[in-house]
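In the two complexes that follow, subunit A is the common piece, with subunit B as its partner first and subunit C second.
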Partner chain A sequence: MGNPIIDLLTSTYFLEIAVFPGLLSIAILGALLGWMERKLTARVQLRVGPLYASPAGGILQMFADIIKLLFKELTIPDGADRFFFIMSPVTALIIGAALLGLIPFAPGIQIANIEVGLPVFLAIVTLSPTIVLLAGWSANSKFPFIGGLRALFQQTAYEIPLWLSTLGVVIVTGTLSLTGIIEYQQNSGWLIVPQLLGAFLFLVTSTAEMERLPFDLPEAESEIMMGWQAEYPGPLFMLAQGPAFVKLYAFSALFTTIYLGGYLGPAPIPPIVWFFLKTILIITLIMLFRSTFPRVRLDQLLRQGWTTLLTLSIANIIIAYFLVVGIPAI
Partner chain B sequence: MVAQGIPEETGYILFLFAATILLVVVVRIVISPRDPRPTPEKRAPFESGQISAGPGRTRFIIQYYPYILMFVVYDVIAMFLFAWALNLRALGSTGTIPVLIFMVVALPPLAYALHLANQRENW
Partner chain C sequence: MTDLTFLALATVTVASSILALEARDLVYGAAALGIAFLGMAGLFFLLDASYVAAFQIAVYIGAVVVLILFTVMLVGPQLGEPPLELKRLSLLAAILLSLLLGTAGAVSSASAFPGPDNCGSGCDLVGLSNALINQYGVQLEFLSLVLAAAVIGALTLAKTETKAE
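Take a look at the complex of A and B:
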C-alpha cells in the first residue's frame, strides 16, 4: 500500500462519511429538494417555476441562489447575541445530518447501524425546536422571538403523538434497530399494511415536526415574516433554510424505512434505487401538502394534537398490541 | 462499518465530528469580512417597514401554559411504554397487566387536564 492519505481518501469508511450517505450528498440533495419544491409548487399553481438556470428546467437554480446569497452583505441586528445568532442554523444543520447518519440506504450502506436507531432518531429531532427558540431569542427582534416561542408550543402538540405512532412499529417488530425493522419487513411484508393508522399519524406529526405547511407556524411567512429566520442576512439565511430540506429528506427516509420496507423491492432494480424511489414519493406527498392545505392556528394545533392525534395514537397502540398477542377468544 | 474494524457508535461520532468541522469551515467562509457598510437603519430590527420600537426580547406572557405542563409530565410517561413495547413478545400478556394499571392511573388525570386546558380562560 502506498500513500496513507490516498488510502484514507479512497477507503469505504471515508467515502461513506464524506460522499454518499454522508455530507456531500446531503448538501446536494438538500439543494435539489429546494428546486423540486419550487417547481412542484409552481406546477400546482399553474406557474412555470425556475426555468433558466440550466437546460433541464432550471435544476441548477438553487445552486445559483446559494452563490448569490453568499455574496450578500452581512448585517447582524443591533443587540443580537452574535454567537447564538450565527451558530443556531449551523447546529440545526448538524442535527439534520445526524438524522441521516442513522438511515440504512441499502444493505451495508449506512453510517451507523446502532441498536437503538429509532429512539435515537426521535431524540435528536427533539432538539431542533430548542435551536429555533435560541435563534429567535438571539436575534433581538420581535418576529423571530414570536416564531421561536411558537416552535416551542408546537413541539408540545406533536411530540407525544410522534413517539406513540412509532411505538406501534416497535410493538409489531419487537426491535428498536432500523435495520432490524427492515429485516422484519423482509419476512412479513411492509408495515404500512398492519400499521396504516400509525403511518398516517407519523406522516402528520412529522410534517408538524418539520415545520412545513399546514404546520409551519414558527416561520409563517404571511403572519410573522418567516418568523425565526426574519433577521438572518443573506449568507446566514442560506444556512437557515438548509435544515428544513435536510429534515424533509431525513423524515421521508425514516418513513420509507419503517413503513415502506426501506430498500426492499423486486430484484432487477438495485435496493438503493428502490429506497430513493419510495423516499421521493413521500417527499412529493409532503410537498403537495404545502400547496393544498391552509395553515392551522396554534390553538387548533394544540387542541387537535392533544385530543385527536393522541387518542388515535393510543388506538394505534391497541391495534398493534392485538396484532402481536392475538385477539382473545371470548 | 463493523467490516472496516470500527464500532458503529465510534463511526457515528466520527461522522458528527466531520459534519461539525465542515460546517464550522463553511461558517468561517460565510461570515468572512467583506466590505461592510452598516447604517443604523440596516442594523435596526425588522418590523415590516415600521420604525422599530422597544427591545426585541420583551416580556412574554406564556400562553397555553396547561399544555406545556401536561407535556412535561406525559412525554416522560410515553417513554416508559417503549420499554414495555420492546419486550412485549417475551412478556406476553403477563407484562400487559402492570402497563394497563399504569395507563389506568395515567389517563384519567390526562382527560381532566385536557378538560381544563381546552378552556380558553386557562390559556
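Take a look at the complex of A and C:
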C-alpha cells in the first residue's frame, strides 16, 4: 500500500473529475470554444479574426486574453453587494461544469452515471437564473439589473418547453438515464429521426437557456452593455464569460447524447472521437446562429416561448405517445 | 464516507435554514433558503431518491426561490423587521420541539420502517408512478385542483389591483 494521498490523486475517479472529462478539459475546451466562435464569426463576416497569438490561426488567443484579464485590477463598484458580486460568476461556472459530470463521453467514461441523469441535468440548469439575477442585483447598477431581470424572464419562460421537449425522448425510450437513452439508440437508430420536432425545440430552447444570439437579451452588448456582466472587473469578467462556453459545450453534448446517438458510430473510429465530432458539429451550428440571426425583442421572445414553443412541445409529446402506442386503426 | 456527507449536508441545511429566518437582508434570506433546499436535495440523493432530488432542485430553487428573490427585488431590498423580544424563549421552544420530534422519529422509525428493504420491489420509480396514477389518482387530482385554485386566486388578486389603479 502506498501513500493514501497519492492513491487518491492517481485513482480513476479523481482523474475523471480533475482531468478528463472533468475540470481541466472543460477549462481548455471552454477557451478553445471562445477562439472557435471568434474565428467562425470572423470568417462569416469576411474578416480574419484572431491571428497573432500562435502560428495556427491565433488558436492561443483566448489563453492570451485570460492572462491579460487575470492581471487587471480587481475593482468592485461602490454600493455593490460584495458577497454575491464575487460569488455569482464562480457559482455559475461550477453549475456549468457540474452539467458535464452527467454526460457519457464513451462507454465507461462518465463521472456520475445516475439513473435519472436527464432530469438531474435539467434541474441543475434551473439553478442558473437565480445566479444571474443575484449577479445583476448585486452590482447595484442599472444595466446589470435589467440584464438580470431579462435573464430571469427568458430562462423561466424557456425552461418549461425545454423540459417538455426532452419528455418526448423519455416517452420513446422509456428511461431517464442518459446511458439508457444511448443504449436504446444502439438498437433503434438515432432519435433525431422520430423526434425531429423535439430536437428542433430542444435546440431553440437550449439556445435561449444559454443566452446566445438570437436570444442574448440578458447580455445585449449594443443595448445594455453586456447586461449582468457590465460591472465586472477583469478577473471576474473572465469568470463570468466562462459559463457561457461551458454551457454551450454541455448543451451540445446533451443534444448529441439524446438525439444523435452519443458516442455510437462505426467501429474503426473510437467512440470518444465520434462523440466529439458530433458535439463540435452542434456547437458550430449554434455558433452560426450568432452570425445569421438578428436579436429578437423581449416581448417577441416571451410570447414565442409561452405560446408557440409550449404548444409545439405538447404536440411533440403527443407524437411520442403515438410512436410508442402505434397509430390506432379507425 | 456516507456519514460524513450526511453530517456535512445536514449542517449546511440546518445552518442555512436558520440564516433564512434570521437574515436581516431579505435577499440573503432568500439565497440561504435556496441553499437549504439544495442541502435537502443532497439528502434526497443520499437516500437514493435522485428523482425526488432533481425535482426538489427544479421546483423549489428553480421556481420558488427565484420568485421570492424577484418579489424582494421588486419591492426593494429593505431590511427585515427587528428580531422579536421572545428570542430566548423561542430558542428554548425550538430545542424542546426538535428533541420531541427527534424522539418521536427515532421511536417510530424502528417500528414503522424496519430495515432499508421494507418496500421490496415496489420502491422503484415505476412502482411509485403506478401507485400515484392507479391507487392515488383521485387524491392527485384533488391536489392539482388545490394548485389550480391557488393560481386562480393569485390571478384574481392581481386583477383587482389593476382595477383599483
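Convention: the second predicted complex is superposed on the first by the 325 of 330 C-alpha atoms of A that agree within 3 Å, B and C clash if a C-alpha of one lies under 4 Å from a C-alpha of the other, contacts with A are read in each partner's own complex, and residues count from 1 in each chain.
The working rule: contacts are C-beta pairs under 8 Å (C-beta built on N, C-alpha and C of every residue); 3 or more make two chains touch, one makes a residue touch a chain.
Note that the coordinates shown come from a computational prediction; the quantities given were computed from them, not determined experimentally.
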Fit or clash - subunit C, subunit B, common subunit A: fit
Which of subunit B and subunit C A:I76 touches, first, second, both or neither: first
First, second, both or neither for A:A97, with subunit B first and subunit C second: first
Which of subunit B and subunit C A:L127 touches, first, second, both or neither: second
Following superposition on chain A: angle at subunit A, subunit B versus subunit C, Cα, nearest 10°: 30
Which of subunit B and subunit C A:I114 touches, first, second, both or neither: both
Contacts of A:F84 with subunit B and subunit C, given as first, second, both or neither: second
Partner chain in contact with A:E159 - subunit B first, subunit C second, else both or neither: both
Which of subunit B and subunit C A:S11 touches, first, second, both or neither: first
Which superposed partner A:L213 touches (first subunit B, second subunit C, both, neither): neither
Touching partner for A:A230 - first (subunit B), second (subunit C), both, neither: first
Per-residue contact with subunit A, leading partner among subunit C and subunit B: B
Per-pair minimum CA distance [subunit C against subunit B, superposed on A] in Å: 5
Footprint overlap on subunit A, where subunit B in one structure and subunit C in the other make contact: 114, 119, 137, 145, 149, 156, 159, 163, 176
In the complex, subunit A residues that touch subunit B: 11-13, 16-18, 22-23, 70-71, 73-79, 86-87, 90, 93-94, 97-98, 101-102, 108, 110-114, 119, 137, 139-145, 149, 153, 155-157, 159-160, 163-164, 167, 170-171, 174-176, 225, 230-231, 235-236, 238-239, 298-299, 302-303, 306-307, 317, 321, 324-325
Touching residues on subunit B, where the partner in the complex is subunit A: 1-4, 6, 8-9, 11-12, 14-16, 18-20, 22-24, 26-27, 29-31, 34, 36-38, 40, 42-48, 52, 55-58, 60, 63-64, 67-68, 70-71, 74-75, 78-79, 81-82, 85-86, 88-89, 92-93, 96, 114, 117-118, 123
Partner subunit C, residues of subunit A touching it in the complex: 81, 84, 114-116, 119-120, 122-124, 126-127, 129-130, 133-134, 137, 145, 149, 152, 156, 159, 163, 176
Touching residues (chain side subunit C, partner subunit A) in the complex: 27, 31, 34, 50-51, 53-55, 57-58, 61-63, 65-66, 69-70, 73, 77, 125
